[in-house]
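Chain naming follows the written order as A, B, C and D, and within any one chain the residues start at number 1.
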Amino acid sequence: MAMIGGGRGSFIGAVHRMAAALDGQIELVAGAFSADPATSTLTGQDLFLDPERVYGDYTSLLEAEAQQPPEKRIDIVSIVTPNHLHTAPALMAFEKGFDVVLEKPMTFSLQEAKLLDQKRKQTGRALLLCHTYTGYPMIKEARARIASGVLGPIRKIYGEYPQGWLYNFLEGSNHKQADWRTDPARSGAAGAMGDIGTHIFNLIEYVSGLQVTQLCADINTVVRNRKLDDDGAALLRFNNGASGVLMATQVAAGEENKICLRLYGEKGGLEWHHQDPNTLLLKWPDRPAEIIRTGSDAVCTATRHATRVPAGHPEGYLEAFANLYRNFSLALRSKALGQEPDAIVLDYPGTTEGVRGMAFIETMIASSRTTQKWIDLIA
Amino acid sequence: MAMIGGGRGSFIGAVHRMAAALDGQIELVAGAFSADPATSTLTGQDLFLDPERVYGDYTSLLEAEAQQPPEKRIDIVSIVTPNHLHTAPALMAFEKGFDVVLEKPMTFSLQEAKLLDQKRKQTGRALLLCHTYTGYPMIKEARARIASGVLGPIRKIYGEYPQGWLYNFLEGSNHKQADWRTDPARSGAAGAMGDIGTHIFNLIEYVSGLQVTQLCADINTVVRNRKLDDDGAALLRFNNGASGVLMATQVAAGEENKICLRLYGEKGGLEWHHQDPNTLLLKWPDRPAEIIRTGSDAVCTATRHATRVPAGHPEGYLEAFANLYRNFSLALRSKALGQEPDAIVLDYPGTTEGVRGMAFIETMIASSRTTQKWIDLIA
Amino acid sequence: MAMIGGGRGSFIGAVHRMAAALDGQIELVAGAFSADPATSTLTGQDLFLDPERVYGDYTSLLEAEAQQPPEKRIDIVSIVTPNHLHTAPALMAFEKGFDVVLEKPMTFSLQEAKLLDQKRKQTGRALLLCHTYTGYPMIKEARARIASGVLGPIRKIYGEYPQGWLYNFLEGSNHKQADWRTDPARSGAAGAMGDIGTHIFNLIEYVSGLQVTQLCADINTVVRNRKLDDDGAALLRFNNGASGVLMATQVAAGEENKICLRLYGEKGGLEWHHQDPNTLLLKWPDRPAEIIRTGSDAVCTATRHATRVPAGHPEGYLEAFANLYRNFSLALRSKALGQEPDAIVLDYPGTTEGVRGMAFIETMIASSRTTQKWIDLIA
Amino acid sequence: MAMIGGGRGSFIGAVHRMAAALDGQIELVAGAFSADPATSTLTGQDLFLDPERVYGDYTSLLEAEAQQPPEKRIDIVSIVTPNHLHTAPALMAFEKGFDVVLEKPMTFSLQEAKLLDQKRKQTGRALLLCHTYTGYPMIKEARARIASGVLGPIRKIYGEYPQGWLYNFLEGSNHKQADWRTDPARSGAAGAMGDIGTHIFNLIEYVSGLQVTQLCADINTVVRNRKLDDDGAALLRFNNGASGVLMATQVAAGEENKICLRLYGEKGGLEWHHQDPNTLLLKWPDRPAEIIRTGSDAVCTATRHATRVPAGHPEGYLEAFANLYRNFSLALRSKALGQEPDAIVLDYPGTTEGVRGMAFIETMIASSRTTQKWIDLIA
């Protein structure tokens, strides 16, 4: 694997490397870690990489690595740059024959997203979009339970993603994360809706197996002088007639990263909290609620596959992230061996989810600018 | 005190009697407990009442009790009938010189609410509207903390009231509660929005000290053949510029009565859950969250006044309800003694809140029927 | 009902009055509220009592009230004085033909407890011992589940009662509660072991249906200059071969009243927390844990009988306390009517539990003074 | 790094490999994974190891690897075999100049533990003993808070480790874990007390900074026909005069791995639960409890060092385990570079803790066999 972005001081670059390393299936051997060649070099040293394979920019990396002999050549390029630098390296990686790991939101715009999806199909490559939360075992269990029908048809969905880290004007104070995420030139049309709104939107669709068809959004820029939205909520309508509410905010002062998902069907409901990720609550109108736990015997095969330690040994964010990398690498390995990958390993987010995420962003922004109540979400 | 409604088998009548009895300040001495005189009589016997003061209808009660000599005469009439039977007995009670306790929503329509408010003012009487949740100590603490400014100006409010008891077609199966609450002739223009929506709306305004100025609602009748809404959500705008989300549903299969309130200001946030009512979480962006507890030294005078036992001895719904009755009776006693009641005892919901609640209902229903995004809430 | 003790400023007297009043079945009509006649008189006024029936001492009360005509005469005497003033008024009340409510620990010594038990039997009277925690619905449910055998034979029991209110030298600073509870002349042989140790001991035996046969205790006086124990723990052995651990402390700085009970049988376990009293967790080795809730359909008849409001409406300490009073009064009423009381209403703690509690105290103290590991608990 | 034990199907071997891999600082290059050479070979293949460096037994491994040229030679030998196979390979590893990672309990007996400690000192090598729970960020924070004195001198300690996986006779049914852990020939003098009792004992001493001086234990073999203890509890006395209670059981049917630690000092208390490992509760008698969270600004440097992702991104068991490996490897690297390791990286359990753990086991067993109440714990 090679990495683009993720130089010293990057949060998400380090996360990707840990996630990729955890299972001993993926080896990082090359990188263009920073637009600053010196930083890239130092990062390569930190990671014990061959200096020959540490590059000052992504084009050099992709070109040089494409020339490596097969036994040394990378398979995967992991792109962990800000949003405006997703599409170009991803397109080039596809063209060079590499599979791609990409941070969300997938691209800078819906148009770019469609282009990338198209290119991926044309080149026959694979893309892993890092909707990390879908990697949690209990999210997989929630999805499986709903798919099985035990809750009955879903009627009501509540998805929340409150954070507090942008509760004040953090940008402009040498906070790299805050800087680019609140900058329209690097982040895109949306701030919070892109950064975390897409996550909760993706979780809602992933777990429910439904699609949002219409929404009505209220988007706000709460902190003065901020250039992008930092808060929003939407009423949702789904393709099966269900309704829902989506909340995403980065100004909930004092909150960390408190995703919560609740779905109710005709026969029961379920609830998941990111702060207690190894627990899934099943609620029933006619019998006691049940506590489903990671690692227990109560879970399905896909959940078990997403678990590394016995029940009672907490698994967290890095393990969820590693589940994305593991499924992606297992699917690619099957493909490389000419085998049909197991359905379980094909369970990772890709360009389809990326296109829907970008459509979500653009629809949310459009909704916030109109006096029309409901507008269609078309991906 | 006399009671109108609340005959054998009534849930809320018994609750009112326990709440009124708890502090030994109010004595129930008369009642017209049911439209069925036999039921009324039996209920009076259950309650050890003088049979002379048990009536077959509310007009007889109000007329006869108004004739009692001062030392025997009741002060308060507690009306616990369905919504369509609120206004007429309350108006008559005012005219006869009694103060009134009334279940929410206050009336059948906004028009009736304004009439009742007017009559109350004309007659110089008092009305307690049973927004029970405002009686919880930690709700009072939340209100006090926000009023004190420690959270800074409020920016974001989330209020939820999910229930599951109407997840299927319960009406028509001899379930009295379900029957009248889903019947437009007895419940009014709204089902869930009136029954529980008004509660969470009231809590939001009470705790925040703000007023909703505009809303955008999605109201649903999820269960087939039901005549009134059983689910809804709304985007909210407040008079200080804050935004919010309100959720109220009775079809969240498996949920009990899971009110949750979260408010975030410029400096911090707070969170309260009805399932753990004696805990208030204060959240700070720059220091650890704090757990404020009923009965502890950390609370303000109004909270202490709403507490009967030391910290660690759970107080619940009946105590919250009793807090309404206690404040109401203490305020009336001061008035009777010609004293100015303490601000703490005047802290109970009345016709002002009742009018706003009815305006909320009618605005929610109106919003759900229009393609216009935001509509004004005018009380 | 008449009350002995519980004058102005008393915590537990007010609690008893609220608990007795809640259900409208018991009327307080007389009292000797304080050793100070003026305080007694004022307390009577606070409670709207006939001044004729407010007494300066308990002997006057019992003698005068025994002379009342049947229709005015009290049935029950509620004694809420410190431990050294339990036995004498209770004995006299029995002799005068009254039934007795008594705070725990039942008496000053095991010897007194046996005497009181004997006298009760001789006089044919009833006694309610206020082990309040047995009044919680979910405690009744826990007992019922274990009795039903669904957990299999019980093997391991953990009972805890941590408090923090005596973490420093509170006595001697005009804190009435702290003063008498740490005074051997008023409290008896034990401090914390009597005040809260007996509660958790009683809960363990009540819920498990087992009896402690042997124990090995470590008792401490942690706060300097304190005259009685403020902390302790014991290893327990039960009559069915099970083992257990009991913890009770009043120096757990920062804890409120955090009782916790866990029992494990051959087939499963259960867990109850006083801080979340309406939840009972059932745990299974081979299927998901279940959350049993007060007011839900999952509970047994005895639990339902101990519940006043629907699921999701928290019930607390006062309701648990009222459940003791209600069962006691219902049992007495049946007896008065010459009927056999229902088994459900006979479910209240009495002299048998009182004798065992006093034996527990004396055995704990004895154990702490010996180098012998296990000593027998003989009641 | 080379590994001894941990062949296909081993739980703890895989855990060690993930923990070592997470930070990209340690590379597994050799192994003797099983007493069965074929299994060892297959495991080596799974791990993409050079077949030359996969051995059929540990003596071959240690001898051959000691001959490798410096640039290829391993530094660390990780031994993950059952208890009876700890001492011999560890001693030989020391003699061959390797540093050692060892599972707990450190050895088969206290005598072996002292021997190993001695040999380590003689050879100047380092040993990491895998008391994983000390790797959790909030455990480090708890330790730091207590060391800082904010809680005042510690008075009371409760440490619990309930599990349920051995609630029935699992051994003898091809369950490798259950088989060896309940076999005196492989596990040693104790079952549960060695497997999990040592963990909670170590946590208690690590967090408190105190030492247990005396204990009084009740040890049980609950499941019929089991050869070793599966349950126990002990009263504890500490070197500063504090007292405590330790509970460890493997027959708490329905429990997973529910470690809980509570310590109370003169000024406050703290509480940590393994099921919610990123939260540390600080409790105060005179102000609200505080919720300290992994990744937040409230934590000390050592805690921050033990954290990989921002607050709100759950970290779990593997990260805690990786913290042990990381500190160990960083300390060794400093040493290799001739530098003084930072105190923070020297914070990992070693032979001192191993000796105390073995003394704990032998003292618990001795206590359970005597009628003497307190016996000394001498390491």
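Just so it is clear, a residue touches a chain if its C-beta (ideal position, glycine included) is under 8 Å from a C-beta of that chain, and two chains touch if they have at least 3 such contacts.
What you are looking at is a predicted structure, and each value in this text was computed from that prediction instead of being measured.
Trainee: Along the graph of touching chains, what's the shortest path length in steps from subunit B to subunit D?
Mentor: 1
Trainee: Going by average Cα coordinates, which chain is farthest removed from subunit A?
Mentor: Chain centre farthest from subunit A's centre: C.
Trainee: Could you let me know which interface, A-B or B-C, is made of more C-beta pairs in contact?
Mentor: A-B
Trainee: If you average the CA atoms of subunit A and of subunit C, how far apart do the two points sit, in angstrom?
Mentor: Those two chain centres are 55 Å apart.
Trainee: So, what's the distance in Å between the C-alpha centres of subunit C and subunit B?
Mentor: Here the centre of subunit C sits 35 Å away from the centre of subunit B.
Trainee: Whole-Å distance, subunit A centre to subunit B centre, using C-alpha means?
Mentor: That pair's centroid distance is 43 Å.
Trainee: Scan subunit D for residues touching two or more other chains and write them down.
Mentor: 165, 255, 282, 289, 293, 296
Trainee: Would you mind writing out the residues of subunit D in touch with subunit C in their complex?
Mentor: Against subunit C, subunit D makes touches at 151-152, 155-156, 158, 160, 162, 164-165, 167-168, 216, 218, 220, 222, 231, 233, 235, 237, 243, 245, 247, 249, 251-255, 262, 264-269, 282-285, 289, 370-374.
Trainee: Considering the complex alone, what residue numbers of subunit D touch subunit B?
Mentor: Touch list, subunit D to subunit B: 282, 286-293, 296-298.
Trainee: Where on subunit B does subunit C make contact in their complex?
Mentor: These residues of subunit B touch subunit C: 11, 14-15, 17-18, 21-24, 28, 47-48, 163, 165, 255-258, 274-277, 293, 295-296, 308-319.
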